[in-house]
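First the structure, then my questions, so here it is.
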């Protein structure tokens, strides 16, 4: 029997190791798996790479993880927020490496990883200094830049409801990066608000089929 | 001469949006455009965080924590609206499905180059967000910005001095002084505020301006 | 006011011209817009390129269009069906060009067109004779082939329900290629079984947001 | 010696599928595997036309015209199943999310090369379907085929003679005579049918066979 529901964050994060890349869902604070991400801090793993659209806000979730010093590197599009104290302080003393990626390219690179695509050409950023050092190609008279897949060792995502097969539905704009990160994580862990009986979720409206989800934790 | 307020700029910008257009509003001043959409037109607002058919701000007490716009303000959904994930959202942007992207800017060049993500001497970590995707992907990019910097610096330039967001993408600029089109024949002045003449505007603008034959005064309601 | 619902196939197909590429949805007979595709025959346009997973079955839909001789070229993955009379006969007398594309690559090439991707590397087919003449690249020790976007002048798709904004939902496995073709069509026309009031479709379950749809026709 | 029937082959193949595995069944004989999934395991069937959690054939009268499998037979959906579009379906395949792909084949080489889409002298238009995607993308590819062609030709070859579907992808072969693993040490015989010896099997097979130390007889129920 398939039962992806695990008991507690220890089981949810089992197997995480030094140097892992974590894909952390959410846009601003919406759709971010605060408790799950914060549970990483206590694991004793370090030199993590955190992939997240932003860099957390205040002292919770991704911001708390960054503040803990466990992450060596942040891959993001917009490390600013309503309360950017943590990232601003880390950046000021160069205590974290930042790789800045345009938001759509960030999403597409994760999708490529999840989809078995070896890389793709996009016009986004091609004629900017974010393309420095990257392969450029003119296609149909327009300049494109080559971007590589961005897989995660873990995807730490948030969803509204799940069933024991790991099927997920989200709520409104809390969907954002979570489905694409689920595709790109070698181990995808979903923090969910509710676990429902198998067969309850509308098969036409499941936003993340369980094939992309390894563990579900209620929080 | 009285420069337009931010709300007047947003109002003017909103008047050019057509019935049935799919429009993305950038963070900052462009967000205000949603308050002035012409009521006789259906304009579908796209929000990069996975929303089509976004409505205005919710009434007090009706805010939904899971329903925010790209600037992280609380939002609503219109009938006909839909939610989708980030990848589909940027597929819409990159794939040319967005008719108009309205963004703020630090500088725009005479060739329509856009610089709106990095400033000189920013001590904070750089942030680009979705600006490069929108600049490269939207069918049309329109800029909404103060005509000059707070220090009086020129922001419509022969060549941008700041890092680019994309080349040759801007077609129209709404400032607190004028409405200008970026064309192959140069930067064309379509509208100026009451009391402003071309000579004065030219002094505030680097590229040589062309006055449109049918130029007119910007008329906006009194919005502060 | 937005109202993408048009009256009849003439309005639905307006603007189609000689040499156009048509993306025709469906897998086998399921999810194929039979009546809409058949309406192309009467338009007087020719030298069409038809993109379709299969090549139609029997004498209806895509099979009827191919039989009419209006199509010069077929891009497909599997031109076989329960009743392949039309395509077998056309192929036997070399009356149609066929470009064979692996099914996932066919879908991904259309997505690339809809997503503004200039091309991508895939392992699918890289070490086969379908990669002949294409750019190959070794990425992380594995062989990939470069594939280009495949846009359509028209996408002729089928959906279950629509509203006047062009939002679509499908029914079960009739979804298949239709959403991706909707993304890739310059003009996307959806043949639907029912048109519902705006706001009726669940915003969490709209499979094709109206931004991808230009015209809706009831049939 | 009595070769396995097609249903016996499908039964044998089904016994190796593990609880919780995501499995794609190719058209033709592999479709029969769904009839023999061990009832004590939950195995999630993926169908390339956008289904996860596909069930068996519907009862007469309960067929749904919009619910078919990849071979266009009528299908059902299990509780927990979901529908999605073709692009997501092949993202699952190409991205390595499918644990096991079971396909038919014309030929398999000692290196695990697969040839299952084009034959010599086929007068019909060629069709590849999703075979190359599955062969390149699934975590594991298992082949279900008759050990020899109708003309007695060898189908397990040193090198494939027919156009390839993908190189080095096949890990296990189920035939009407044996179960064989494709390994770095060669093609290993794990099981043979009652009455068959290695010498006889070798004559029907091109690459040099290795008999596994713990080889055994295939035991299957009597299925025609």
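A, B, C and D are the chain letters, set down in written order, and residue numbers restart from 1 in every chain.
By definition in this document, contacts are C-beta pairs under 8 Å (C-beta built on N, C-alpha and C of every residue); 3 or more make two chains touch, one makes a residue touch a chain.
This is a predicted model, so every value here is computed, not measured.
J.: Across the interfaces C-D and B-C, which one involves more C-beta pairs in contact?
T.: Output for the comparison: C-D.
J.: Between chain A and chain B, what distance separates the C-alpha centroids? Give it in angstrom.
T.: Here chain A and chain B have centroids separated by 29 Å.
J.: Based only on mean CA positions, could you tell me how far chain B sits from chain C in angstrom?
T.: About 35 Å, centre to centre.
J.: Where the CA atoms of chain B average out and where those of chain D average out, how many Å apart are those spots?
T.: Averaging C-alpha atoms per chain gives centres 56 Å apart.
J.: Where does chain B touch two or more other chains at once, residue-wise?
T.: Residues 77, 83-84, 90, 93-94, 136-137.
J.: Using the touch rule from the top of the page, what residues of chain C touch 2 or more other chains?
T.: Those would be 108, 111, 115-117, 122-123, 170-172, 204, 207.
J.: Going by the touch rule stated at the top, which chains touch which?
T.: The complete list of chain pairs in contact reads A-B, A-C, A-D, B-C, C-D.
J.: Under the touch definition given earlier, write down the residues of chain A that touch chain B in their complex.
T.: 27-31, 53, 55, 77-82, 84, 87-88, 91-92, 98, 100-105, 107-108, 110-111, 122-130, 170-180, 207
J.: Chain C touches which residues of chain D in the complex?
T.: 47-51, 64-68, 72, 75, 77, 83-87, 89-90, 93-94, 123-133, 136-137, 163-167
J.: In their shared complex, at which residues does chain A touch chain D?
T.: 1-2, 111, 113-117, 163-165, 167, 183, 198-199, 201, 203-204, 206, 209-212
J.: Tell me, which parts of chain A touch chain C in their complex?
T.: 108, 112, 115-123, 137, 139-140, 142, 144, 169-172, 202-205, 207
J.: Which residues, counting only chain B, touch chain C once they are in their complex?
T.: 19-20, 22, 42, 44, 46, 52-53, 77, 79-84, 88, 90-98, 136-137
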